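Here come two complexes built around chain A, the first alongside chain B, the second alongside chain C.
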Partner chain A sequence: MDLLRSQTAKTILLLGSLSGAFILFTGAVGMIAAFHEREVVDRFISLGQLLLIIAPFVTGYYAAGKLRALGEDSPVLLIGGITIGIMTAAPSVILLLFNSDEFRFLLDLTLRLIPFAAASIFAWRLHRAGSETQMAIAVWLVVAVLVGIVTFSFALIFEIKGDLRSVLVNINREWVDVVTFDNRKDLARGIGAFSLISVVAGFAGSILYLMPNLPRRALIYGLGVTVLVGAFGETVRLILQENIDRDTLKEIFRRDTLRQNAALALFIISTVAGFLWAMFGRQARESFHSINVSQRRSLNIIGLVIFVVFMLALPWLIGRTLSDVAVTIGIFVLMGLGLNIAIGLAGLLDLGYVTNYAVGAYILAVLTSIGPLGLFKGTFTFWMVIPLALLAAMFAGFIFAVPVLRMRGDYLAIATLGFGEIIGKLAISDWLKPLIGGAQGVQAIPKPILLGAELKNPEQLYYIVLVASLVCLFVSIRLNNSRTGRQWMAIREDEDVATAMGIDTARAKLLAFTLSAATGGVAGAIFAAKVGTVFPNSFTVFISINVLSLIIVGGIASNPGIVVGAIVLIGMPELLREFSEFRFLLYGALLILMMIKRPQGLIPSKIVTHEVRTGVKPKLAGAE
Partner chain B sequence: MFKWKTDEFSWVDFTIDVLRVLIVLGVVIGAWNTLSSGRISLAQWVNLFAAGLSQGSIYALIALGYTLVYGILLMINFAHGEVFMAGAFTTVFFAEALNRTGFLNEQPLLSILLMIIFAGLVSMTVAILLERVAYRPLRGSPRLVPLITAIGASFFLQYTFRGLYGSGFKAYPQVQILQGVISVGGINIPIVQIFVFCSALVLMLGLYWLVERTRIGKAMRAVSENKEVARLMGIDIDWVIMFTFGVGGFLAGSAGVINGMFRPQGVNFFMGFIPGIKAFTAAVLGGIGNIPGAMLGGLFLGVIEAIGPNLVLAGLGIPGANQLKDVIAFTMLVLVLIFRPQGILGERLAEKKA
Partner chain C sequence: MALLEVSEIHTYYGNIHALKGVSFEVDSGEIIALIGANGAGKTTTLRTISGLMEPREGAVIYEGEDISSTRADLLVAKGISMVPEGRGVFAKLTVEENLDMGAYVRRDGDIKDDLKNAYSLFPRLEERKKQFAGTLSGGEQQMLAIARALMSKPRLLLLDEPSMGLAPVLVDGVFETVQRIASEGVTILLVEQNAHMALQIADRGYVLQSGEVAISDTAANLQQNETVQKTYLGID
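Up next is the complex of A and B:
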């Protein structure tokens, strides 16, 4: 009992159950089975199986660090790794048993025992805390009946339905295949394989922690690179396809997956490279820091030139499919930069950003379409309408901003969310159907034409997005450093104080809303031109949430953060198609996790970091 | 009401006043047109009103969850709509199983009671977990931080349940005794609407009793009044907050079952989002943090939503007015936030904080 109460045991048990819950959860929502479709290394391991291995491995490594910090010896660390391996597999193994024909009775039994167990635990704790016996018995009865209603109902559901699968749709054959490592027929063997692999992975994680520094860093580097290249095999192949010849490509990839030899070679090369970097990296960095200022400046200029050339050449390096993804990312970068003016600079949480996006898209659609809904049938071109879309979005932003100027914080957020929903419902309604086509939307939007050439490929549209993003980036940097930017910052910190300092808050807030709307409008117009049709379904609250998430994940008020956030949050689901079904699950989890663990974002802006570090935490909200 | 009497002219106030006049004009003209055209008979109005009341009592039950949490933590639990969805979505399977055994139609009231407890406890579990995992670590951080977390939790829960139960729509089985209508003076009112209204009323009275008459209710009121002092009086604040989330969750889950009786179709993972926002509207309408206010606000919103499109929008000559039901509700939300953020029963609290 004392052993179980020690800090060491608590750490191991907590991390082990987290890891187990993670594997159970990803299995139950279908992530593991979906990821199994993607092979990381040809005929060797899939992304789904990799997930099963990575969870105990990483947890084992992390736990070893925690245990070392508690002052434990190496054997304890290893035992911790093994325990975590067992605990990772355990919940899923139990679910496997519940799901099998032979052990279904276990599910029934468990569901019937849970109420008594739960009630007894409650009553016992009350008793220990010094409650009277009658009270403990009453609590026992109430808890047993209440929990009993739930678990007996579940027992009834599973009995009537016949199996788990008819309720939990993703506890299906594919899931069983993955977690038993293709031993569906022989359950004992499958469970054995799964548990063994999990234990080995947990153990390997703690071993990795115990390794000397150099080989450890080299191995982490090698494993990381191989897994990333394997998982994004399709992307890597698409890039290589543009740059190397077909036969070599066939040596490396079988369709979209890395061949075993290639994976091994990649692992060795990257491990060696990691080893060299671990040995000489510090020297290289130090010598870079020791060079004098003029040399460093010229190095910076060289770096900038390389970056610009790279950005310009990007579509030709990555090919058509990936250029399309790049355009989508670019549109979201644009929106992220725009929304950041409201959220990041002025601190106005706008959840109705999709409104501006929709206004831009519909203005472009209605003015340029050559279909039945087009007002001018091609008289207006893309280039003439872009400024109009910008102005229209600014106007819409202005109109929606005036009534909410007096609101603060969460009320503002909900009101703007309401605006977004209103626009969505209006777009799909019969009322505006003659104008914007209701649910069918507006079709036949021509592509932009530049110097007589139609920009119909994503490679060419990429440049429009790039230019627009750069302009927006420039404007927002300049704004941030301007008088207005300082006013916004003051409002963000404390609106009452800002007013007291003589800032016209109404004007500053209006400006933030309108400018942020303008960017959204341009993004919407580019989107409409890219897709060629505009449906109300493209303009849901999900767009606003997407943009919000990428700002939060990248880093509030941090421009590089927004670019990285867009690449990760928009690019990853596009590149890893198995993932796209779970993107909002990930966004939700990331929003919670970032707010709890790292509210300043992945690449935080300096000012926000400063605020987070030095900010005096208020006491309980509302305690004043 | 109008701010002309103040010395300084503020164009923001002016714009808002113009908006106010425009809305009043729109409502009056629309209502006048509809009423003078006589397209809708009195019986139809009564039917719309009754349907609105039943829908509104569902909103009221969800709104209570917002209001309870806001009263104690001053945060908008944006994911509360998903708590409602969790109960409703899970209970579909239970209702199907009961229907398959025939118990549902043999003992309809008992089965509905069981379903309400089941859904309530499921939602309660989700709400308590949500509080423990997502909100507790953030207690005391700036006010937008928990809101963003709540938005994240909302989408996380939606897509978790989508992954667990699939993305398709499911339907609650029909309960025989709730079919049919009752005729009162030539006006037919569906039994199910009366059932919805009554059961919601019972739950609300239960909550009122819990908050006003029990020890834990007293603790809840104390914590919402002043946390520090409540702590000094020996109240376990964490436990009270957890309990509050649990009670809100229970009401939302039972609202899920009642909603399932009222509108059997359309139970899926996204079902909680729109009712969630509407229930928030109801909570603000009644004065957020105020329990009778949330009940009134819910009923009021339900009725406006049922009558508004036919009375005002149709009168203004807008086609397909009933499609714009949600627009009416969201417009109400924005209007309340603009003109009367303290709500009908006006708590000063909301004005001070918002």
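Up next is the complex of A and C:
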């Protein structure tokens, strides 16, 4: 009993249950089965199976760190890893048993035992707390009857339907196939394989922790690269396809999956590279820091040139499909930079940003379309309408800002959320149908034409987005240190004091909303030109939420953060399209994880870093 | 003519009648202290003068012009600057950025010189100019708030409880600074609960009681006044 109460045991049990719950949960929502569809290494391991291994492995590694911090010895760490492996598999194994014909009676038995167990625990605790024996017995009876009724109804449901699937729809054949590593017929073997792999993974996790620093870092690097390349096999193949010949590609990939030899080679290469980096990386960084300022400046310029060339060459390196993803990311970068003016600089929580996106898209659609709804049938070109879309969005931003000027914080957020909904409803309404087509939307939007050439492919549209984003980034950076930017920051900090500084807060807020809307309009127009049609269902509240999330994940008020946030939140789901039903689940999990581990965002701005760690003295700005 | 003339102002918070006909005058170059207990209407008076609130009746006349319904941000350009209660520095801007904000309404080219002046008045701020204002100590934040208010080159400086929440040692320093600013020709209207210190540096004082001016006299006389001694100075 004392052993169970020790901090060590608590840590192991807690982490083990978490890992077990994770595997059980992802199985029950169907993620494991869905992820099984994508193979990481050809005929060796799928993404779903990888999930089963990664959970105990990572938890084992993490637990080893925790246990070491508690002062435990290496054997305890290893035992911890093994325990976590067992605990990871246990809940799913129990579910497997409940689900099998031979052991169904276990489920019945458990359901019948639950009321007695629950009642006994209650009564025991009461007794321990000093209650009268009669009282404890009375409580025992009441709890047993109540819980009994609930479990009895459950049992009834199972009896009628005959299996667990009536309640847990995803505990199905596919799930069983994955967790038993394709031993559905021979359950004992399947459970054995599953448990063994889980235990080995947990053990391996703790061993990895115990390794000396150099090989450990090298291994983490090698495993990470291999798993990422495998998981994003399709993306990697698309990139390689543009740059190497077909036969070599066939050696590496079987369709979208990494071949076993290729995976092994990749693992070895990346581990060696990781080893070299771990050994010499610090030296390299130190020598970079020790060189003098002018040399460093020229190195920076070289870096910038390489970056620019890379950005310009990107569509030809990554091919059509990924260029399309890049354009989508760019559209969201544009919106992120715009919304950041309202949220990051002026502190105005705008949840209706989709409004500006919709206005931009519809303006472009109606003015340039050559279909029945086009007002001018091709008289106006993309380039003429872009400034109009920008102005129209700014006007919309201005109009919507006027009534909410006096609101602050949560009230502002709710009001803007409402405006976003209004736009969606207007777009689909019968009232505006003659103009913007209602649910049918506007079709036949021509592609932009530049110097006589039609920019019809994503590779070409990419450059429009790139230029627009760069312009926007430039304006954004300049605003940060301008009089205008400062007045917004002052309002964000304290509206009353800002007024006392002589700032006209109403004007400043109007300006923030209006400017913030501008890039949304451009983004919408580019989106409309890219897709060629505009439908109302493209403009839902999820656009606003996506833009807001990418700002939060990247780092509020941080321009590079917004770019990274867009790549992570918009790019990744595009690449993992087949798992799109789990998109928001992953979004939610990612956001919660961010709030716990990195509330300041991936690339935080100086100010937010300070805000999050109040009490810690911030690094002096501009100090070496 | 008085620089600032407050005549018979009535200010309300909703239905609550906070100021019931407050009148007083501030002459150019004076230090005037408004003292009174909690809830007497001191801060409300300052907020009414600075334009954050509007009086329902009465007038605030500054340099011969009625400013009762002029917006707060416009008054800064007219030369009225306020140091709000609780200091109100922009915690997440650096010290220097805070000072820059103080000069927000100015468009002349002398801001750099005034920044130097501010640093010579408060050397501590220069040492910490790149630091976030939120990381300063209470006393330093108060100095920053005052320095920031001076950056708009005010003719009238409104100080709301500058000694609040400061250690006694620092309070002396703050009042010394206020005197020094006044000696450079800035008129000062000081709202204080610390009546003892306020009356020591003030020329004249007004005692507010439940939204009305109860006593008005020179600071020296007020210090001798029996009621004031009993109620605000803690002398029996």
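We adopt the following convention: the second predicted complex is superposed on the first by the 552 of 624 C-alpha atoms of A that agree within 3 Å, B and C clash if a C-alpha of one lies under 4 Å from a C-alpha of the other, contacts with A are read in each partner's own complex, and residues count from 1 in each chain.
In the analysis below, a residue touches a chain if its C-beta (ideal position, glycine included) is under 8 Å from a C-beta of that chain, and two chains touch if they have at least 3 such contacts.
Keep in mind the model is a prediction, meaning the values are calculated, not measured.
Novice: Applying the touch criterion given at the start, work out whether A:Ala500 contacts chain B, chain C, both or neither, answering first, second, both or neither.
Specialist: A:Ala500: touches chain C, not chain B.
Novice: Going by the contact rule set out at the top, does A:Phe122 touch chain B (first), chain C (second), both, or neither?
Specialist: Neither partner.
Novice: A:Phe582 contacts which: chain B (first), chain C (second), both, neither?
Specialist: A:Phe582 sits against chain B, while chain C stays out of touch.
Novice: Identify the partner contact of A:Pro403: answer first if only chain B is touched, second if only chain C is, both if each is, neither if none is.
Specialist: First partner only, chain B.
Novice: By the touch definition at the top of the document, which applies to A:Phe103: first (chain B), second (chain C), both, or neither?
Specialist: neither
Novice: Check chain A for residues that touch chain B in one structure and chain C in the other, and list them.
Specialist: Of chain A, residues 617-618, 620-623 contact chain B in one complex and chain C in the other.
Novice: Spell out the part of chain A that touches chain C in their complex, as residue ranges.
Specialist: 483, 486-487, 489-490, 493-494, 496-505, 607, 610-611, 614, 617-618, 620-623
Novice: For the complex, which residues does chain A have touching chain B?
Specialist: Residue positions touching the partner: 25, 28-31, 146-147, 149-150, 153, 156-157, 159-161, 167-170, 347, 349, 351, 402-411, 413-415, 417-419, 421-422, 425-426, 428-431, 506, 541, 545, 548-549, 552, 582, 584-585, 587-592, 595-596, 599, 617-623.
Novice: Where on chain B is chain A touching in the complex?
Specialist: 12, 15-16, 19, 73-76, 93-94, 96-98, 100-101, 114, 117-118, 121-122, 133-134, 137-149, 151-160, 162-166, 226-228, 273-274, 277, 280-281, 284, 318-320, 323-324, 326-327, 330-331, 333-334, 337-338, 341, 353-354
Novice: Once bound in the complex, which stretches of chain C touch chain A?
Specialist: It is residues 50, 52, 71-77, 81-82, 84, 88-94, 97, 100-102, 104-105, 130-132, 134-135, 148, 152 of chain C that touch chain A.
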